[in-house]
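Sharing a structure below in structure tokens format, with a few things to ask.
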Amino acid sequence: MKKECVTMLLAGGVGTRLGLLTKNLAKPAVPFGGRYRIIDFALSNCLNSHMHTVGVLTQYSPLELHKHIGVGKPWDLDRMEDGLTILSPFTEKDGGSWYLGTADAIAKNMNYIEGYDPEYLIVISGDHIYHMDYDKLLQHHKEKEADVTISVVEVPWKETSRFGILNTTENLRIYEFEEKPKNAKSNLASMGIYIFNWKVLKNYLVEDAKLSSSNHDFGQDILPAMIGDDRLLYAYRFDGYWKDVGTIESYWEAHMDLLKEDLSLSLNNNDWRTYSHDSNFAPQLIEDTAVIQHSLINNGCVVAGSLDHSILFENVEVSEGSVVKQSILHPGVCIGKNVLLDRVIVQENVTIPDGTKIVASREEEPIIVSSHNLKAVHS
Amino acid sequence: MDTMMGLINLEHEHDFLNELTYFRCGAAVPFAGRFRMIDFTLSNMAKSNINEVAIFTRSKYRSLMDHLGSGADWDLDRRHGGLFILPPDWNDPTDISKGDLSHFHNNRDYFERGKSDYVLISGSQFISNTVYHKLFQHHLETGADVTLLTTTYEELHPEHNACIKVKVDEDGSVLSLTNDAKNPHVFSGVYVLRKSLLLELVDECIANYSNHFFLDGIKSNLDRLNIQSYHYDGYSSIVNSVDSYYRHNMALLDRKSYNSLFSNEENVLTKVGNQAPTKYSGLSKVSKSLIATGCVIDGQVDNSVLFRGVNVSEGAVVKNSIIMQRCNIEAGAHLENVIMDKDVTITKGQVLKGAKEQPFVIAKRRKI
Amino acid sequence: MDTMMGLINLEHEHDFLNELTYFRCGAAVPFAGRFRMIDFTLSNMAKSNINEVAIFTRSKYRSLMDHLGSGADWDLDRRHGGLFILPPDWNDPTDISKGDLSHFHNNRDYFERGKSDYVLISGSQFISNTVYHKLFQHHLETGADVTLLTTTYEELHPEHNACIKVKVDEDGSVLSLTNDAKNPHVFSGVYVLRKSLLLELVDECIANYSNHFFLDGIKSNLDRLNIQSYHYDGYSSIVNSVDSYYRHNMALLDRKSYNSLFSNEENVLTKVGNQAPTKYSGLSKVSKSLIATGCVIDGQVDNSVLFRGVNVSEGAVVKNSIIMQRCNIEAGAHLENVIMDKDVTITKGQVLKGAKEQPFVIAKRRKI
Amino acid sequence: MKKECVTMLLAGGVGTRLGLLTKNLAKPAVPFGGRYRIIDFALSNCLNSHMHTVGVLTQYSPLELHKHIGVGKPWDLDRMEDGLTILSPFTEKDGGSWYLGTADAIAKNMNYIEGYDPEYLIVISGDHIYHMDYDKLLQHHKEKEADVTISVVEVPWKETSRFGILNTTENLRIYEFEEKPKNAKSNLASMGIYIFNWKVLKNYLVEDAKLSSSNHDFGQDILPAMIGDDRLLYAYRFDGYWKDVGTIESYWEAHMDLLKEDLSLSLNNNDWRTYSHDSNFAPQLIEDTAVIQHSLINNGCVVAGSLDHSILFENVEVSEGSVVKQSILHPGVCIGKNVLLDRVIVQENVTIPDGTKIVASREEEPIIVSSHNLKAVHS
């Protein structure tokens, strides 16, 4: 069945810079914002942008991710004819191999894509927090009659060395791609969101697969090759809600930002809803003794202690006498009595015993607490 | 494997919640911060391996249909079985059936097509969070014709007056079903019987121009049917009036009751709302309250139940109240002993106060 | 992206198929071997990127609900949007609306909640297999207030009498909508307009005590609305009587018509039946027939349409007939010019013969 | 969420003996019976036996298979909390590896299983055509208080050397497992359907994973080890509808058998429906010139030629003047005019040009026709 546009969501990332958060978890499955996982934003974008043919490429520790996605119900991607398909590595008569780079992952699933005979291929990543209408990007791509359109965001000049930077002419035609440049000529960073004319991309993927020297990566191999051939690559300037949560520090900061935001413009935006799996916990119970300021609390929580500048995911308990400040408590966390937490991220289902004190100073990176390092981090 | 099909019979549940049931049936009334009354029964069924559930309804079922949708949130959006809301669209000129018997008569094909040999029947007024495995096991083991789920309330309240009371012998065989005001052993409205027996009793009832399946088909046949009682020990409540509605919402603010109803291994399934977590600002002052997601709280909330998406502005006070979805309490307003239906706006500085014994009920979509 | 929401308005489609519509509405009548009438419209909508479809229905909608289920077979079992069958369960004491306007009035929330700015409205009597992309594109490009899907029939038949005929200028602007018996340019009943305009016209109609949205809201406003016609060139038929029903089923036995209606890239979506392939024995003799799955054919079938699970026993003859689901034609029976509803058994040696101009219609579940 | 029983469906088989039929297709995805694929039988058994927690293990050429299964809708396995999960190989922090044997495939997905904390694990294969109530098997397992129950079927003595044979005592306790024995002591063949007490199996899987000499296979390694430890292994005698379609000859024969059967007892059994994906083709059109005897025909077919003892899958066309005998035409096959086919299996979407003649004699294996070998097989 023909589809104009197929979307490939890269969700195999290891997310090394998130440390303990991604020890047994693909980065797209990391919890965010009190009730979501990172991938929810990309999937909700698909639903809201009417992109219904979505291949999700997974490879690294996908169990939790697969469980969360399920058959795609929250995003209305449980469809008969297209919808969501999880694309993991597989074998053929002549053996099999793992996905080597982003381009390789797409190349290995060429049959899936060809089954829909699309004009356009959208490649997105499940790694960022953003609200984006991919359909607008597609319309822009069509208007420019481009071979490739890359979504970009302006980043502060001092941070350009952390990003893939696109150098463009005034009308946003891309003439150079620099991966993490020391002296950037532009502050337009690639968001890792591409639209390709599928027929054009296909040829490059086939050629790239033959090169043993290639990393089979879009940023490092495919895009430079296309630029080298004078293909029409355009940047699409995005200025909506976008958060990078690639490091522990930025992950924590993004949460603190949420407390300042008007949520009706971000997570609770009625025109651009963010959908997620829901475990049907009861409403939160706030007890007599609770003192809550500047916090976000999800269903199933029971709070008897004090919260300040904290985010509680579902089914968290904070017992009497405890004080939780500037902290993020993942689903199922249980905080005993007279605990003090400050600048701490507690991982799923960890129980913090009575009287525990964990404090990260303002200069330190926030502390991630798992059931294994609990004793080590107790101050 | 022996299995049950489910039936939620709303025929005899009248508009028992005053203003709250002007435009919707009681089963569709919001309850406990994020649920509707029917969620408790329906989710018990869904978790009891029941793959086919029918709902008998006569009128005001539109918001019920909206709430239930395809049944996906209860995992009942099945291609084989699933959820069937059965409104009264009947065109049989020879039909002489009355009361709930006309539902049974006109929906006979639901039972005949169903793959299960047993039927579990329930209303929506018995609030509990359980699975019916043990009830069913008991039914199979005792070889009873009918098994009633019963429970005992230590304290009897007005809502129990409308319930059928049960007297049993030491083996749990039902000796009598009466309206004895002093008997604390109450029939929950949940019972199970074999499908073939059900259809047989339905035919008998219709032939006798009866209009109430349970009273005429089961209670009246107490002498010739083997009716067993299975005693349920868990937390439950009967909600069949504004008074009991208010009291049993408020009861959940007590940690013990909250844990009893909710902190089971199994959650109560309901329609998913996709709201962000509730946001408390630096001005919020909240205690002893049950609060759903999507709220923004800048004011004071005390001893209250807040449904999804409620705004409590700076300086506003909400006390001993039940505030339903998307209500907006503007700055400085003061509410006490109020039940407020969906989408109500309380303007700046407004003061509303009911009595605990008689909460002030405000119908939906008002601006006061 | 501009999108449409769908509305299938059955209010003005009366019980037009005699015995076949005693217990079901016309939209639910089986058609073309494995479909129901409504499948064509509904699947056109589903394939046109329409994610929300409402059905206005007054009565006899039970078999329609059975057929459509959760909408899964049309990929309309959505959590956001999806399929809404909207029976008349209304409780607004101030309601003065009449005819189909009362559907529009009481289901206003469906339109208001919908995410699309445009509404595509259709009945169920226009049988075609298409997508509405071009119609919608045309509507957007011409900036029309309303765009009607029209077509031209070379030969006019009695069924076209009931249709509205269209006169257009060279640009496709509609000049008149009449009942001119000789005009072959026919309005299909499918049209698109902006949601805000729809609601505006609905309000006007109600204020004027009108009872027919299209006639009173659109046709009567031909002078002040910009109404365009989009001409559909594909295969189609109008089915609004037993005669046209019979003729247009039979027409599909012709390879050219069959290919035109079905051999599109897109198949017509319908409820999946899970039957094995049809089995032909050594005695079967079949020619020029349309046959669904699950049949077992030991006899002779000629120039006929067989729905799912029909048995034709040894020596039985079926000629020029339409035989619906699960009919059982016993040995030696002879049927000619017959329309037989579901679950009928024709006993051994029975002979039934209608006329081509007046086929013999047999109601369901008979044994003859 | 706890589940009493988790089902693991092995669907990664290469199915080498089916030759061309499995060239680009996992065996469970091979079409069968005019409208099904082989895996439909196992999946329908799951639905009919109330087994709702099903992991489908895929590895070899899974694209077509995944597309067919989709999110599991036809089998009501598109559920929120459990339902169908496709389990493909994946990587972890220390790299990844492919499924090596049947037991290894289960062992690598231990986390998935443990997520449901089951008492029992049912392992089934997607390779056979059968109607079986796994719940009855489970009840039997419980009654016997067994560690393992293996479903067996009696095979003709002369064929015992093709099967894994179980030697049992009179009360069906298994004391020996022989893989393809030359001189069998029993004719009870394993159907590759096992119920394990999960806790017991888990230990064996962990131990087996450590053995470099092991093939990590149930039949070769796990079961012999359990028998060696005097575990309670029982055979469960199955005597329902069962077909082995492991070779081209048996695949063809199974189809010819269908023409003799009363389908209301097999494929059309109302008490045990077989569900499959449906592409919504129109009913079949039988033209004036058609002559049809002893055949099975699915939706979307248009027949103007002659059929005898043949099976037509969906959307097949047989043009005027053509004669198709004892043949199996897979979905989308188009037979031109004046073609003669006898004992032929034509693969999906192959077009046979006018005047082609392909005949396999009675002594030969039926001929499989693909678009590549079309010229070679023309007689």
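Going in written order, the chains are labelled A, B, C and D, and every chain counts its residues from 1.
Here is the rule we use: contacts are C-beta pairs under 8 Å (C-beta built on N, C-alpha and C of every residue); 3 or more make two chains touch, one makes a residue touch a chain.
In UniProt terms the chains read A, D = Glucose-1-phosphate adenylyltransferase; B, C = Glucose-1-phosphate adenylyltransferase subunit GlgD.
None of the values given here were measured: they were computed from a predicted structure.
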Pair joined by more contacting C-beta pairs (A-B or B-D): A-B
Chain separated most widely from chain D, comparing mean CA positions: B
Whole-Å gap separating chain A and chain B, where each centre is the average of the chain's CA atoms: 40
Centroid spacing, where centroids are CA-atom means, of chain B and chain D in whole angstrom: 45
Overlap residues in chain D, where contacts from two or more other chains coincide: 73-74, 79-80, 275
Overlap residues in chain B, where contacts from two or more other chains coincide: 72, 79, 272
In the complex, chain B residues that touch chain A: 32-34, 72, 252-253, 255, 258, 261-262, 267-270, 272-282, 284, 286-294, 296, 301, 305-306
For the chain D and chain A complex, residues of the former touching the latter: 14, 23-24, 58-63, 66-67, 70-73, 78-80, 83-86, 88-93, 96, 98, 111-112, 115
Sites on chain C touched by chain A in the complex: 1, 3, 49, 72-73, 75, 78-81, 265
Contacting residues of chain B [partner chain C, same complex]: 22-23, 59-62, 65, 69-72, 77, 79, 82, 86-87, 89-91, 272
Sites on chain D touched by chain B in the complex: 1-2, 47, 49-50, 73-74, 76, 79-81, 135, 139, 275
